[in-house]
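The same chain A turns up in both complexes below, where it pairs with chain B and then with chain C.
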Partner chain A sequence: MYGFEAMTFNVHSGYLEAIVRGYRSGLLTAADYNNLCQCETLDDIKMHLTATEYGPYLQNEPSPLHTTTIVEKCTLKLVDEYKHMLCQATEPLSTFLEYITYGHMIDNVVLIVTGTLHERDVQELLEKCHPLGMFDSIATLAVAQNMRELYRLVLVDTPLAPYFSECITSEDLDDMNIEIMRNTLYKAYLEDFYRFCRKLGGATAEIMSDLLSFEADRRAVNITINSIGTELTREDRKKLYSSFGLLYPYGHEELAACEDIDQVRAVMEKYPPYQSIFSKLSYGESQLLDKAFYEEEVKRLCLSFEQQFHFGVFFAYMRLKEQEIRNLMWISECVAQNQKSRVHDSVVFIF
Partner chain B sequence: MGLWLEPNSNGRTYCSSLSCNFRNLPQVQLRSRIVDTPISNRRTEMTMERQQREEEKKPQTSENDKDEKVVQFLDSLNDYLTLMDSLSSALRQGWLELASARHSMGSWRINSAILDHKFHSASTTLQLSSPDDSNYNMKQPHFTLRKWESCDDEDFQSKEVKLDEDEVQKNSDDVQVQKERSKTLLVFGALVSPKLRDAQLSFETALETLVDIANRRSVMLSAYDHVREEILGTKQ
Partner chain C sequence: MAVRGRGGCCPRMDLLRSEAMQLVQIIIPIESAHRTISYLGDLGLFQFKDLNAEKSPFQRTYATQLKRCGEMARKLRFFKEHMTKAGLSPSKKINSEADIVLDNLEVKLGELEAELIEMNANSENLQRAYNELLEYKLVLEKAGEFFYKAQSRATDQQREFEAQNIGEGSIDSPLLLEQEMSIDFSKQVKLGFTCGLVPREKSMAFERILFRATRGNVYLNQVAVTDPVVDPASGEKVEKNVFVVFYSGEKAKNKILKICEAFGANRYPFADEIGKRFQMIYKVSGRISELKTTIDAGLLHRNNLLQTIACQSEQWNLLVKKEKSVYHKLNMLSMDVTKKCLVAEGWCPTFATKQIQDALQRATFDSNSQVGAIFQVLHTQESPPTYFRTNKFTSSFQEIVDAYGIAKYQEANPGVFTIITFPFLFAVMFGDWGHGICLLLATLYLIMQEKKFSGQKLGDILEMTFGGRYVILLMSLFSIYTGLVYNEFFSIPFELFGPSAYACRDLSCRDATTEGLIKVRRTYPFGVDPVWHGTRSELPFLNSLKMKMSILLGVAQMNLGIILSYFNAKFFGSSLNVWYQFIPQMIFLNSLFGYLSLLIIVKWCTGSQADLYHIMIYMFLRPTDDLGENQLFPGQKTLQLVLLLLALIAVPWMLFPKPFLLKKQHEKRHQGQSYAPLHVTDDSIDLEEHHDSHGSHGHEFEFSEVFVHQLIHTIEFVLGAVSNTASYLRLWALSLAHSELSSVFYEKVLLLAWGFNNVIILIVGIIVFVFATVGVLLVMETLSAFLHALRLHWVEFQNKFYEGDGYKFQPFSFAILNDDDD
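The block that comes next holds the complex of A and B.
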């Protein structure tokens, strides 16, 4: 019952909520980012991060460092924190936490299938997979020739099985089919996660509905922009949009017909929450759109911590941590390429 | 009494005559004087004057040639350095845009592990025309970049079109090139970020600049050889 979570939430999930709020206080601040942005080399970045909660993960890394190494070690910290929470969670929190990783699972499946299509070694591909999205039979994905086999041989026993009903065909896998499969799976996953959160009810349903709706709308905009100038038809594009969100259904109708970034802007400016995002961009520009969306997402994620006794804080923490890792990746790349003047193009401060 | 003629280096002849004092013979004085042969006097004088003028002009002409060659060498060196600078900018821009695309799409979508190892024909090739080729008349080698060759060669490579078909040909070429570009990016997925497309364009520009650098270097080395020959020739 909404409003009465305080009576029962802490029985099963109070400890983990305290843990995740503790993790939140370990996120890097603006002062940390300012120090990192002034580093001259990757070793300087490592030295600064050693003084943060990433210290144990980076201190033993030998020089010379690479940007991918920094990202891998920081991701390991996220994975350890997630596993610590998952192993102590009870239902329904454990299912909720598992839902958070299904997006990474889809990315890993697509990576393995794409790499196999390009005749790459499976071991090499497994090393590139996101650790949060690993499952036992992932290596056997390499034997599948089409989606039906993919489903029958491997994915039927994974949590992604229910999402395959819309995209099972016997066509051989190629780059376009794989892309359609990726987006169809992700759409099905988001809708399923949305339904699950609505079923939980209370503050979790309210907060997660807002966050997942924003995610669905952002996906719709990205699909539209990325498909401009490609062979994806309007109908196929519309099929990839989720069936919920602020833009559903009329915004989706208009987005499906967009042929350039200015038409997308014209559609999005009709919706007040997105008007502020597009007002930061000049006409014809899409470079800063990602940063604008990330800033809006971070604002909403931080607001979710203002309320207690809901599962949204777990989702918010995972997303904020991923944003932090993206920030560190971007700072490392700018330092490594000696382009420190561009470092603020994509860094999103969390606090 | 003897009379003999000795030519000297100027082409003039000396005539030496010996005179002796015999009692009954008229006196002939021994003297040596420059004597021009009577028939070609004028012509030889003109030839000698012309040769003198040419020899005076010769140092001036060769000085102008030398200067021209040195200027040519310096021009080609300047062009080479300018191209190196623009290559550096294009590559910096390309790498940053690639990092930006990885930031936007995720590092699991843009990484070396998903590059295509299947056999496929090259979309871009480099043609070298060397002085040894029978069809090539220049003294230095020349590099030509042939981009997006996997599309229809005849339609794409033809640059000399009739005025009437200019626009139509250009539009179809642009569309074809865009399709080839998108096809190349399919390795990373069908729906890629505009940042990845920008990175592709930057690297394409860098490749064109590299070929220009190679051609400019070839011209520069040839100009340098000419200058060196001139210097060595002057020393001798």
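The block that comes next holds the complex of A and C.
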């Protein structure tokens, strides 16, 4: 029913769209970032943040602050907002909102499994988990010894269960396995999310396909770069790429064959939307690639707010807020470690 | 009336013109700055300008002090949180001890906080131990029960088993008894067990995971604990289940332990012998009571500490708030180049000059500063803030005006007239003296309780009503008056001012018409004759009366608006506005609607039957035709022609001259400027660069813009004259609706119920009547009449003269600090 959202969209989701747009206007602006970058101590940052939407979350923190507290409180705000929206949401928006958190769930599963592999304390690991990706029996992950157990014990109850079908092996877990598992899960998740959005149709499908394709392509590039020089075979590598996006399928063939970063670059420069990203980088450099991708992503996410009557804004808002928290973390870290010259290295201005 | 308030000779125009303001610069030596600002805050008549707007908050001079204040405020909030947890409320009374120095307070707060935190930590540890013991006791009891039951069942079974002597393996024998039952010792498996508590909401998942992890080789038994248990780790009350898990093998044990940990299930050691168990219960109970006394002592100690804090926290709170606001203001001052003094700029009313200078002197003296603060008045083009000195009675009326827009500096304030006209117009729509009395009683209650209510937080709606209590008071008084005029008391007419003037000529006139009535006495002395009520011609009569009255009121109020525009023009010395705006507007409005009002009055006085619609319509369509039977007075036709002509002339008069004259003026001024470049001599102190000048000098003169503006203004006025007059008919419409509604409730509910002669129906009827009267007539009708009166003031009245583009005077004052609490 493309083009007819305007008639019915507001019945169920109009209120939440208004809410999320209101939240968006609370995002920090370039002026805020400028001020934050000039801060001398973490207290300055706190003082500045108390004048923003983060005020109520930070004002009761005792004075010797740590970066983790700031990040924790900011994340708490995000989680509160998310929960508020989830409470109000009806189908299919509620499913859509749940989909947004699956990525964090995968990360949390991987975090805990890796952590237990290296014999960390479970409680400590749980604190490091992203609160959006929490599920009931997450702590039990520590019990599992191999993939099969992992699946059978815990994950079968979670929404991640269907994504696991491809990676059930009885092998013992090791770092490599886990990384492959993460990427396989992510692949399955993105494909599922993509299918779901296509099914929703309308502007949501259009905008979300675009955003998810970008995400898939970015992951493909990252997988390629990270797997250069490891024993991952070409075929295995190719298996980890999601089966949609701008690079699918020919770009994937080429990426699978890449053996150094310049080859990746050559592949990517064939695609006009990614040309601009790579043209900013000098040859052989992969450090700044992340930032370049983030910037591009933020640009795309902001654009999704230009259109009305679609769910993309919820996805975009959550992502933007996460970016904002990353920015805050980076700024706070720089300030705390007296590295103010590097403050601009990783901050992505949102507006 | 409106003379410049500058000279001492003129009468003071407190509410009509806002206070005369001046821009003032104060140069304060740095050592007395803090005291000076706080004295000014006590005075509350100085509005600081932010001279450091371009600096971010933490780059300002006093950022560290602000941070310290923020920190102290946080500590105070921390105390408050604990006080509310402990059920203490901070004492309201503020004992005016010798003033506390901020630094000392900071130290003291720090100490107190550390003490409190330590105590909390101690008591938390104790509490945790206590809760753990409680849980342990629960486990011992519940699991003990379970073991006991199982054992007794086992013995039963064994007896049975022995009696029947059948082979082992009966299906319903409890699993755990395998060991006791198995006679074959080689088959015996060592079963381990653990027990503890698991949160009830997780218990299902817990069971499932246990089952999966051990492939079903466990036996789990759960008993729900009836009362919620305080969880030792989080300190919150949680519903929990006691569980006992039986398992075999070391591997399973490890898994189960991990799962317990993951689920936040607390495990406790447990002995399966009864004797030991009782011993343990005994021991645990002993320790529980021991811990209880320790905790109680700790709590008492803590409460004492909180009590002492509570005594003073309010005072500290106030102090910190004050300090914080003082530093905020200090941050707005600019630092002198020599760093020896601070420069403040701001607005103050001229009458406060003396007080401010006094405060400055006192501050200098009290802080033993060698140099006094310098106070000087600056001249500026910037328009000053608007400041009305209102009291608790006038402030709510001023709010009504301010809600539309803050008056331009010293322009005529409609608030003065609003005090009477607003409640009056409301009452015209709400005319019923019964309802008026109800409103009056309600608002009198609010006024009586003023002292009590003003100190506390009220709900949204009550707060609004309370804020407008004096408005409602006048509204109710006026509606009693108009109710008497309309002769309505819950829609029942009364012969209050003597008997009705009319009576039946004979018995035939019973059927409710005025046909057979003759006038027997003098006219009813006040208001509407009660005899109209219930007659067939009641509505036409009252409609005609109220409609005409609405027009009279409307024309009067609009004229008042235009006259106020004259006072504005005269006050601001703009003869242009008098000659080319006020006079044509007056002529236009009065030649049409003033004339209509005249006709109405003449018709009332003479009792003529002329058709006013006809007169007004044909005055435009065929001005030269004879009026015929509609003529009210001789020479009416000539008068109409003259008036029509005047109205026609007034329109171009309004439209054309003003823009052209403005243009001429501008050109003249422009010409003059080339000869006198030092035109801005009075801006000798050149601190004004960043003030955007609001004076007419600075503006580029754009003729087309001015002309279009004037065109719009003219069209608006001409069309507005008609539509605004029509808009005043809402007075009639609402009052009609009100009286009809109340008569419906009276007749269709109360009288109908009365007619049944049944007590129950009557009671129901009365209840319905009361609720309808209160809900619909007293609340909703009040609201709607209020809104309509508001609209008449904002649109029909104020658009004649009110610019409303000023900004409010917001002095720095400690007195308002308390109000914006949280």
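In the analysis below, the second predicted complex is superposed on the first by the 351 of 351 C-alpha atoms of A that agree within 3 Å, B and C clash if a C-alpha of one lies under 4 Å from a C-alpha of the other, contacts with A are read in each partner's own complex, and residues count from 1 in each chain.
We adopt the following convention: contacts are C-beta pairs under 8 Å (C-beta built on N, C-alpha and C of every residue); 3 or more make two chains touch, one makes a residue touch a chain.
Because the structure is predicted, anything quoted here is derived from the model rather than measured.
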Clash or fit (per the criteria above) of chain B with chain C on chain A: fit
First, second, both or neither for A:Arg152, with chain B first and chain C second: second
Which of chain B and chain C A:Ala6 touches, first, second, both or neither: neither
Touching partner for A:Ala266 - first (chain B), second (chain C), both, neither: neither
First, second, both or neither for A:Asp136, with chain B first and chain C second: second
Degrees between the directions from chain A toward chain B and toward chain C, using C-alpha centres, nearest 10: 110
In the superposition, chain B vs chain C on chain A residues touched: B
Touched partner set for A:Asp290, first chain B, second chain C, both or neither: first
First, second, both or neither for A:Cys39, with chain B first and chain C second: second
Gap in Å between nearest CA atoms once chain C and chain B share a frame through chain A: 16
Doubly contacted residues of chain A, that is, touched by chain B and again by chain C: none
Chain A residues within the chain C interface of the complex: 35, 38-40, 43-44, 47-48, 50-51, 59-63, 122, 136-137, 139-143, 152-154, 157
Parts of chain A lying in touch with chain B, wherever the complex brings them together: 68, 71, 107-108, 111, 114-115, 118-120, 124-125, 127-130, 175-176, 178-180, 182-183, 222-223, 225-227, 229-232, 286-287, 290, 326, 329-330, 333-334, 337, 339, 342, 345-346
Residues on chain B engaged by chain A in the complex (per definition of touch): 92, 95-96, 99-100, 102-104, 106-109, 111, 113-118, 178, 182, 186-187, 189-195
Footprint of chain A on chain C - complex, ascending: 56-59, 63, 66-67, 70-71, 74, 77-78, 202, 205, 208-209, 212-213, 255, 258-259, 261-264
